[in-house]
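After this come two complexes, each holding chain A, first together with chain B and then together with chain C.
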Partner chain A sequence: MNKNFVLYAAILIFGLAAPFLFPAFKVQLSILCVLIVLATTWNIQGGEMGYNSFGNILFYGLGMYLCASVQVGMFFPLAEWTESGGEKTFVHTPTQFFQGMAVGLVVAAVVPTIVAGLIGYSILGLRGHYFAICTLGLGVAAGEISGGIEIIGAGQGFTTPPFPNVGSLEARGEFFYFLSFFTLVLTFIAVRSIYSTRFKLILNAIRDNEDKAEAMGIETMKYKIIGWMISAFFCGLAGGIMGGLVGYIDSTDVAFDGREMGVFMVLMAILGGKGTLWGPIIGATIFHIFKEGFWTFFLGWQYVALGVLIVVIVIYFPEGIMGWLREKYPERFGEVVDEKDRKAQVELK
Partner chain B sequence: MKLNKIILSFVSALVILFSTSVASFAKVVGDKIILGAAISLTGKYSSNGVHTQNGYNMAVDRINSMGGVKVGGKTYKFDIIYYDDESNPKRAAQLAERLISQDGVEFMLGPYSSGLTKAIAPVTEKYGVPMVEANGASRSLFTKGYKYLFAVLAPANLYLDVAIETAVELNGGKPVRIAQAFEQDAFSQDVRLGILDAAERTGSKIIIDDKLPKELNDMAATLVKVKQMKPDVLVVSGHTKGALTAIRQIAEMKVDVPMLAMTHCDAAKLSKQHGKNSQYALCASQWHKSLTYKDDFFKDGMTYAADFEKEFGYDPPYQSAESSAALLVFKDAFERANSFDQKKVRDALAATNMQTFYGNIKFAPGGQNVDKPMVLFQVMCDASGSCENKVVAPLKWASAKLIHPIPKWSER
Partner chain C sequence: MDFLVFQYPMITLQACLDGILLGVLFALIAYGMALQWGVMNIINIAQGDLVILGGYIAYFMYLYGIHPAWGVIVAPVIMYFVGIAIYKLVINKVVDRDLFISILATFGISILFMQLMNFAFGADVVLANSGYGTTMLFDNNVVLPNSKIFSAFISIVFAVCLVIYMKKSKLGRAIRATAQNARAAKILGVDTEKVYAATFGINAALCGVAGALISITFTIHPYMGLPYTIRSFMIVIVAGLGNLPGVAMSGMGLGVFEEFADYILGTEFRIGSVFLLLVLILVYRRFKLSRKREYLK
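What follows is the complex of A and B.
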């Protein structure tokens, strides 16, 4: 723990100073924090538990709609806010905005957790591809259903409350950055402490051989559900923040954005190395930087460039960056390798 | 411990990368006024995004070659920084932020579609960046109290209510039965609200009210109902894809309906793509080349259409025309403000009162253009099978008489 202290302190200081060092990049940095949260929590299922979920986007979108709805609904009639023909203009005072956001975020975290428990109970019995496809359907269905609910704007979309005027133009960027950075730190601490308990070993046991784990007396279902609920909690939180940051929620393009966010969170975790603590974080950071770069330098071709990146990842880093490093420098990961052994392996190849 | 070193060096690499990538433009560099725009070059709105971009580019070239913009005794030329928003509101909002805070853009042009404009408007509003947009028609854009948003087009709820009124009139003033199907997006849903208003006003009844998914490829279920219930009017709106899908399936299923009212016929190049199948479709349009508005840069609609066709190889849809008009508005405002101060330019924009080849432009306090009515045109084909869009309403500009009711498929 002490060894890592310098590292953690450095990252924390960097994180706190980032918006002042790069004031123009606050929004990108906030999005980076959200991406890391999504990748890290996806890793609980995809990496540690071996359940490739495409459904985490459900909790993200749910959190987004819930946070915005609560933030509006606490002070104004929600139906009038989202009604497109409405002639009234509602403005949040700063106090209302922040109170609403606080309560909204709590709801955005808690409700998806409960939903994850309920859905998990019914579908976590599925394994492998069946689970992946089923969760893929969840995200798509949620997008279409929410696009038909009038009170949250339906196809019109939902404009989240504009950030109140608190004097400085930079306030909005800083507020959302620190909110997302705080969420990231919270997620990291939570995930890290979970990974140091028996819980992680159980998840790994499920990944490696679920039947055997069950035979050993582990109630796998219970742990699978709890794992998913933990992910849902943080995904919901991330969604709530993202809604406020983007300022406009569209059912399929922003909230239940399985085509982008839903796939990105998987990609980032795989790029960094699934089943590791740092993998998703590194993966998300590199991915985000590449994506932003492609956007600027390959305008119109960004998806081609992104596609090439994905192909390269899959071919050259099937185990992700962390996995690749681990294979190359096993000693640095605390693995003891016998020199003879290594030579023997090289010869075998 | 070694692992920590790797991560630490990674973090420091990140710091270097971020700090070297800060490139800053200013809004006015040398003799250039740099405008920013996020446009849908890919994704579901890509065809209309390109129409928008072509419209912008055409006007930039024209204004620059005809003397540019004169501010403070100096001549400036327009330049536009484009980004691709991928038809995604999340991306559009990010790009707006990026254009303003990273690229230093101080004046913006709008994206394509109401949804994306809705995502960008809060950002431009926050920074006090004047935005003239040409493709966000949703009424809710103009009720949010935005001060820096100006739309050269009429709001979406006015698109097709004329069609309903015309149908009632042709029905001897008696209410009609309406079937409607709209895509789940901000613009189409607003068109729907307009129809609801018109129906209430005329006492008409809505017998089918369907919502269609985005990226509209199939509306057979709605058309089956239309066949069964035989409404007097069928209203469909779903951007370019919606228009194409509707015509394709109506022809395939031989759906007979006395009046078919749509949006985006010209953007979808219906008369070219579907020829005679698209005949009789009644379309709402912000602009038509046969209208008689005039200005100094493009002369009139016919000249604009000819020049546009020469440059881009197709007849300009209204999306291109209104986009070109946005730049004329900006030029006019810069010259009247005689300054690049954002507040002054904003005030000049608010006081705009001008005529362009596209129509009169005068902004209401909400930012929408209140001085330009919508037109309705009908796709009409001659015996040789070549089709053309002809204005049928309002009567002032009508170049043909509305054909009503649409002949049955068995009689065509």
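What follows is the complex of A and C.
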């Protein structure tokens, strides 16, 4: 407990000081925070519940569009904004911008949660690969359909309100960094407290054997839906922040980007280790560093590298970093290992 | 929303015929998917990208002055070896693992292929012009390009040949035995590793044929692969594994659905409606099965 407290305090202080220590990397650090949020919340139903979803991108994209639409729609006509590239004709004052952002983020978090609750009963009745393919279809369908809706910019995209002039050039980066870092801390606290309750054990029971869990008297459907709603809440929030950070929303390339972000969140969780608290965080950090390296040094070849990376990770590290550490040092994870067992293990290998 | 399509019988007929000719192609791709799903128990997300790669082979023959219809012969031969290579490098490591692992691994292959094709062939929408002309029916009210009729005919020929091959040949019997029970087949002397490789190769070859035909009749683009994967997945889950007439029928049904969706909702919602249909079919089956306290397996 004491050791953990020191660790958390150190990370918190580092996180708060980071934008001043590395002022050039503020945007990258904000994206890293969003990625960690996505990976951690994917892990709730992907790792703990065993429902591997490609469709969390749906909530992410929904949150992105909702946050920006609310932020614009509260003060200006939305249709005119998207039609004329509104950022030139309409200008948010700082108060309007922050008010809009606050309301927008609330909407961006709440509506996807409700959507997850509504579609959860139908979708979560599917299992295994049917669930995976169904959610993949859901994410792509959302992208294709939102690309045909005129009021949110259709195929040409939607420019989110530019950051107002508040006097300092650094303000935009700092605002979005602290916003995403705050979301990250919120997510971590929420997920950590969830993982120490009975709820997590129920999710694990569903993962290990759903029929048996049902036979033991657990209302599995209820808990599955709640688990998915928690994921959706944080995915929507992350999407709303990312929309403001990127400044431009396109239906298939930014918001419902199943080919990039939708796979990234799965990959990050698997790389770090599914079903652990720290796995997705470590995975997201390593993945982001790798990705930026690729994007910078192999410009143009990044998707080739990404494809190879997915195949290699999935085939050779399906347990992830945490899984590998757990196998190597079981004592660190609170498992008691008999000396005889270990010798037998070594001999077997 | 535009329901004009139902008010003029000729337009309805046109949409139906277009849909059926298109659906035959989908059924051919879905047949390959059903084959590998049944035999190896993997779902190949890269299926659509293999189709597009086959299409580019025919397109390149067209660019170098050879008639693209010869692509129907050349593409499957090349694609067979591409399929074997993919099997040896990736698929054989995920065959007996969790299905989600195979989905993710083939997703990686899909991204890889998409981008490599983008580099090699450019991001333009292309088609190979076969110069076949059109057929007019019913006082010139229904227009059918001959290339579509040609492609449907060739797909049926290939499908029939493959069915006969699977029934009669030694390899076909080995594949069917492995699909029924891989372990028993192994005990009885079937080299399952070879059977798996051949199955994946045949699947890739089928994709190659379908791709060559698509490049003649429609257009191809490096990023257009995923819809073909989803279509074939949908056809297989509607028809069930190993139900060939079902695959053919639901393929044509999907083709007709798409043509009508195109007329009614507009072309920009065409792909979206396909993906939405997949979700609706899965949800429908889930509710139907949950009355019997079962789930899709």
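FYI, the second predicted complex is superposed on the first by the 337 of 349 C-alpha atoms of A that agree within 3 Å, B and C clash if a C-alpha of one lies under 4 Å from a C-alpha of the other, contacts with A are read in each partner's own complex, and residues count from 1 in each chain.
In this section, a contact is a pair of C-beta atoms (placed from the backbone, for glycine too) under 8 Å apart; a residue touches a chain by one contact, two chains touch by 3 or more.
These figures come from a predicted structure and were not determined experimentally.
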{"item": "Touching partner for A:G157 - first (chain B), second (chain C), both, neither", "value": "first"}
{"item": "First, second, both or neither for A:E144, with chain B first and chain C second", "value": "both"}
{"item": "Partner chain in contact with A:T197 - chain B first, chain C second, else both or neither", "value": "neither"}
{"item": "Touching partner for A:Y303 - first (chain B), second (chain C), both, neither", "value": "both"}
{"item": "Chain B/chain C common contact set on chain A", "value": "144, 147-148, 155, 300, 303"}
{"item": "Contact footprint of chain C on chain A as seen in their complex", "value": "52, 122-123, 125-130, 132-134, 136-138, 140-141, 143-145, 147-148, 155, 259, 263, 266-267, 270, 300-301, 303-304, 306-311, 314-315, 318"}
{"item": "Contact footprint of chain A on chain B as seen in their complex", "value": "1-4, 6-8, 10-11, 14-15, 17-19, 22, 24, 41-42, 82-84, 87-90, 93-94, 97-98, 101-102, 115, 118-119, 122-123, 125-127, 138-140, 143-145, 157, 182-186, 188-190, 193, 211, 213-214"}
{"item": "Contact footprint of chain B on chain A as seen in their complex", "value": "3-4, 6-7, 10-11, 14, 21-28, 31, 84-89, 91, 144, 147-148, 154-157, 159, 162-163, 169, 172-173, 242, 246-248, 250-254, 257, 260, 278, 282, 285, 289, 295, 299-300, 302-303, 325, 329, 331-333"}
{"item": "Touching residues (chain side chain C, partner chain A) in the complex", "value": "43, 90, 93-94, 97, 99-101, 103-105, 107-116, 118-119, 226, 230, 233, 237, 266, 268-269, 271-272, 275-276, 278-279, 282-283, 286-287, 290, 295-297"}
